[in-house]
Amino acid sequence: MTATAGKVTMAKALNAALRDSLAADERVIVFGEDVGQLGGVFRITDGLLADFGDKRCFDTPLAEAGIVGFAVGLAMSGLRPVVEMQFDAFAYPAFEQITSHVAKLRNRTRGQLSVPIVIRVPYAGGIGGVEHHCDSSEAYYAHTPGLKVVMPATVADAYSLLREAIADPDPVVFMEPKKLYFASEEVTLPATMPGFGRAVVRRPGRDATLVTYGAAVPVALEAAEAARDEGWDLEVIDLRTIVPFDDETVTASVRRTGRCVVIQEAQGFAGVGAEIAARVQERCFHSLHAPVLRVAGLDIPYPAPKLEHIHLPGVDRILDAVARLQWDDQPDPTWVAA
Amino acid sequence: MTATAGKVTMAKALNAALRDSLAADERVIVFGEDVGQLGGVFRITDGLLADFGDKRCFDTPLAEAGIVGFAVGLAMSGLRPVVEMQFDAFAYPAFEQITSHVAKLRNRTRGQLSVPIVIRVPYAGGIGGVEHHCDSSEAYYAHTPGLKVVMPATVADAYSLLREAIADPDPVVFMEPKKLYFASEEVTLPATMPGFGRAVVRRPGRDATLVTYGAAVPVALEAAEAARDEGWDLEVIDLRTIVPFDDETVTASVRRTGRCVVIQEAQGFAGVGAEIAARVQERCFHSLHAPVLRVAGLDIPYPAPKLEHIHLPGVDRILDAVARLQWDDQPDPTWVAA
Amino acid sequence: MTTTPQAIRRASPRTNRAAARPEPAAPLLPSPEPVRLLDEAGRRVSPECAVRDYPEPPTETLRELYRRMVIGRRFDVQATALTKQGRLAVYPSSRGQEACQVSGVMAVRPTDWVFPTYRESVALVSRGIDPVEVLTLLRGDWHCGYDPAAWRTAPQCTPLATQTVHAAGLAYGEAHQGRDTVALVFIGDGATSEGDFHEGVNFAAVFRAPVVFFVQNNRYAISVPLSRQTAAPTLAYKGVGYGIASEQVDGNDPVAVLAVLANAVEHARSGHGPFLVEAHTYRLEPHTNADDASRYRSMDEVETWLGRDPIARLETYLRGAGALDDAAVDAVAAEAEAYAADLRTRMNADPVVDPLSLFDHVYAQPTPQLLEQRAQVRAELAAAEEGEA
Amino acid sequence: MTTTPQAIRRASPRTNRAAARPEPAAPLLPSPEPVRLLDEAGRRVSPECAVRDYPEPPTETLRELYRRMVIGRRFDVQATALTKQGRLAVYPSSRGQEACQVSGVMAVRPTDWVFPTYRESVALVSRGIDPVEVLTLLRGDWHCGYDPAAWRTAPQCTPLATQTVHAAGLAYGEAHQGRDTVALVFIGDGATSEGDFHEGVNFAAVFRAPVVFFVQNNRYAISVPLSRQTAAPTLAYKGVGYGIASEQVDGNDPVAVLAVLANAVEHARSGHGPFLVEAHTYRLEPHTNADDASRYRSMDEVETWLGRDPIARLETYLRGAGALDDAAVDAVAAEAEAYAADLRTRMNADPVVDPLSLFDHVYAQPTPQLLEQRAQVRAELAAAEEGEA
């Protein structure tokens, strides 16, 4: 077990989680493109080949359907594959394997076969990446029954949730926010945080609830800080896992605050934020003083680096939404006009 | 131009639309698996090979990424490809081509290249189909900026919207509800119905609005009929296109009725229905007497024929939702309990 | 019918392996013509005239092959009949392909893994799986009716070619854990055009995974003829592009198919990497009962292939070799009839599937969201029952 | 720098075509060794010793090839320098691969289509595209900086191998409309493992589309060595599995690369179907400036390949043939310097991209939903400006 304390980056925590899983369970096997000698383009698998040998950590041909399908076969043989998709958009070639096999194999066989695979997907933008390197693709997976969708936002969660994902009997799409890879926190590893399906209140507040996950969590927290100047005390909920979903924590918060803004980095239309908004108004209708608003990426292909700041939900856009939560009991002119 | 009047099936109307488009524009070219000699497994392309020759309608190797990518190249050469995916789940191999190329090529090139491709996807269930043949995959496409997503529910719309899709300068994912292929209506073809982005009120009503599209439209209409017995006068809106979305028609209706149920056949979580519910409460919050409720497929892999009736949103499940729209001003116990 | 898993396992052609030991380095290209050990009339092709020599499987094995082919065909005909009676939603027949279906499963051990497609029902019953369990999918009760882990047989795979990659992974995983399991993948000619075929074969080749890719080239993918799938001399030529051994065989010559597959399996098991076998065959029935084959092929063509019947061919050969007589043929026919009768009876039952089981195997434990939906369905069912009462 | 599109188009090796007319039926397998017309020291390999004979391109063409390679390399070095200055977000260098980059675009006509990957910047400038437009993507202004329709050059393709299928479609579409366009696709060794490579080559083969698939096998896919991509003797052997002609060539021998490609293009144009060319080469720089190549390959290896420099080799050969002298070499060097200087200056500008243009090309006309979002962004920008004012 890697015992680490002090400032740790998310990249390091993920590496430690892989390392500790490999050490703890000989069925664990890590592979993908460039994960061996290079240690991954983000160095998440750094040193694993050297320390565990090329039967436990290895490179594959460049073929994502192949990687995921290979993992299915390995899982059938009793192993626990952890695969890396190099970037979000480069998981799309594996879409059929993920939706038609990974997600469904347990169901198709009434539980006689299971597919405990972890598919690690570095996702989202904010890193000045060129096209195809910054998609937020969680909605595709969250909409697919049979997959668990895990979205850590903190260093401790990155470690703890990845360990849990690898130990989980079900397939997990594990979305890693690239722009937070090298953000560091004071943590002690190994860390055990709340499990799948438990959201966490990252910042308590009374006036409104910001519900968010993954890459958008630090932005929401920043917005909540900034909102103090406007006299708003905002609660920030980090969902941590999208599937399973923690209705309880979200519902309790919104019933208390009466106002809610959902924040995601992905393009908004038919995204996970839509699901959250729909759920919240279903369950908290009588507590709401204003509609549940959404702040999301624009409904455009992820833009080039120079304009990504326009696309990404930033502090100002979040505060604008908070301002529209009918604090003075006036209906929102945005929609009234329509 | 095929002039047809009287009882026409949706399959026949789609065939006529392809035929008329092929005749009207020599750039139109139809291909896919079994679309030639066989006329498609649903006979939608019946007779096109015989009538237009194998340069205009032909079979390809069995490779869906290949089919869609080939269409991209053909579009670059100035043609207007219309491709058939044999069934919903068999479009997944093409997911990368669709999301990373078809959806983005115009944007990537600032409009210098465009991809006027129509991807026809027979989708949804209710036909006793075995696994992988009944997915409702519209959310994947609707969440992908750059694609138009068209979902006809009537025979006249099938004809008119397919003609429009083929003439449209943008890529269109055209979702055909399999179980309605052989349902017939009195229509006169060629028919010109309202265009993309125009929803239609299929049944006017005063008490609540059912918002739906595609395969679920007849079910919603049936539910609205049945609701009369309970004393509810329900309005039914057929969205017809998901992207672009007709906020105006939906918003106007819900502001009038004050109640809304969204109905889709696809599994609910992060589906298009979530988007609709989120939009409606955003825009109609002050008119709503109850939360916007959703009736959708269960969040499970599409079940085997014997149990598909449990999965599919039927009249009873819709009426249950309508009953929960707080007609007696009591909050919904479902969520209060949680 | 008495084909128990045990009976079939017992008959696995272990005896054959030593004889079939291949040259370590297989030639770069497949035989220029399909390998054939019996001619169309069922006579043994003399080894000197054979395009490539393969040891003939032992006579006992060939008798068992004959038996299973006869039972397999009877099963297939029965299944087609069940569609007409509305007992099956759909059935993809493999009539005419019995040499491939049966040799495929006889070439491997019970401990090996088989990766079938939707077309391999005959292979599955031949492996010993209860035919009712095989037909569960097609009756519409559930997706996979047999226990894939117990039978070491993946669920029948519909998304084309996707199973090739699973087989590569399985075979590598088994080797990784020190087991000498071989994975045998069935795949159609049309499916070789899918990207997953490429990725599956390539992964197996790069990782030297013991996989036999067994292409049943029945000349059509639904209606699409082979000429629309490839411009290669034949599909077996794809092997060289992956650096793996390959062979083509007359798929209606049961003796050749079994010999070539036995060699391929041995090659894979003994560490020489994957092997690609293409069998040239023909499906006599439409793609499924829902298909109208008259739209894309002539009756003449079907007639021609009816004349190449693999069962008749083997029967002639075995009779000629004195290994089969009228009594034995009649016994097998009777066994096949009994098998079919038993199946008919058992398919008359209409098992009830618990609606709430829909929620059982989405995840190991249902999510809170699924529990909510389960409660809703339970309430609906209760209400419906009340309504009826 | 004066490389205008016109200048480059003028130099297209049309003269070469008649000489390169191939046998209609190409052999089944590629040459067992890479084709080579110059040895490592830059001496002409005598036709008798050549593994397979190819006519040598005319000397004028080779002089132009030399010129563009020198300019291309200078451009490449400049672009790498621009990453260090923070002027480019990222740059994938092709230093060492100039024989391939330049021959690729010289082998086709301006009216042909080229399908480049992210690595083909040198090919693109060699085709005559403004280097600033080529670098737009990598500077982060927009995705594709040049007009693909005007240049008949697809946007640089990042999702591996996906462009192979586009090329097949484009080539078929052009033929369908009666034009004799050839599509030349660049692709890396690693990308041949993707399913789309398989599907693209197969579509081209089945539809006999005039496509040249040009694999630059530079031995690595980022860090992954060729041995993890394939177990085939070499990638060119994949051709036979699709029934198409193929060839392998020494990718650091500019004369051979151009000769082999000219033949392949002619083969495709004259209706013999697609052609697969594999060039054995090496990228001297890391995968991109962000990569640390020392993690996966030795400096020794790089040194060895430095000794096989394609530019030096061609220079030696042309000097030996009396087709190049100090003056000419100096003139080309000066031209390259001027080109780089001009590029440096122009890359100092930092063009402003209008944020509202984000909404312009998602669809031909923005949807109502995009118009709403556009209005919101416009308001935000106005508010921000007010805040600043």
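Each chain carries a letter (A, B, C and D) given by its place in the written order, and its residues are counted from 1.
Basically, contacts are C-beta pairs under 8 Å (C-beta built on N, C-alpha and C of every residue); 3 or more make two chains touch, one makes a residue touch a chain.
Quick caveat, the model's predicted, so the values are computed rather than measured.
Chemist: Can you check which chain pair, B-D or B-C, has more C-beta pairs in contact?
Modeler: Per the contact counts, B-D leads.
Chemist: Farthest from chain C in C-alpha centre terms, which chain would that be?
Modeler: So the farthest one, by centre of C-alpha atoms, is D.
Chemist: Mind checking the centre-to-centre distance between chain C and chain D? Centres are C-alpha means, answer in whole Å.
Modeler: 45
Chemist: Taking each chain's centre as the mean of its CA atoms, how far is chain B from chain D in angstrom?
Modeler: Whole-Å distance between the two chain centres: 41.
Chemist: Measuring from the mean C-alpha position of chain A to the mean C-alpha position of chain D, what distance in angstrom results?
Modeler: That gives a centre separation of 37 Å.
Chemist: Mind pulling the residue numbers of chain C that touch at least two other chains?
Modeler: Where chain C meets two or more other chains at a single residue, that happens at 142-143, 159, 193-196, 198-199, 202, 206, 228-230, 362, 367, 369.
Chemist: Quick check on chain A: which residues sit in contact with 2+ other chains?
Modeler: 60-61, 63, 65-66, 89, 92-93, 96, 100, 104, 107-108, 131-132, 145-146, 243, 245, 247-248, 269, 298-301
Chemist: Spell out the part of chain A that touches chain C in their complex, as residue ranges.
Modeler: 29, 55, 60-61, 63, 65-66, 68-79, 81, 93, 96-97, 100-101, 104-114, 145-146, 148, 168-170, 197, 243-245, 247-248
Chemist: Provide the residue numbers of chain A that touch chain B in the complex, in ascending order.
Modeler: 65, 89, 92-93, 95-96, 99-100, 103-104, 107-108, 131-132, 139-140, 142-143, 145-146, 242-243, 245, 247-248, 251, 266-267, 269-275, 277-278, 281-286, 288, 290-294, 298-301, 331-332, 335, 338
Chemist: So in the complex, which bits of chain C are touching chain D?
Modeler: 28-29, 193-199, 202, 205-206, 208, 227-233, 237-244, 273
Chemist: Taking the touch rule as given, give the residues of chain D at its contact with chain A in the complex, in rising order.
Modeler: Interface residues on the chain D side: 89-90, 137-138, 140-143, 158-160, 190-191, 193-196, 221-224, 228-230, 290-292, 295-296, 353, 355, 358-359, 362, 367, 369-370, 373, 377, 380, 383-384.
Chemist: Which of the residues in chain B come into contact with chain C in the complex?
Modeler: So the residues of chain B in touch with chain C come to 33-34, 36-39, 41, 59-66, 89-90, 92-93, 128-133, 269, 298-301, 303-307, 310-311, 316-317, 320.
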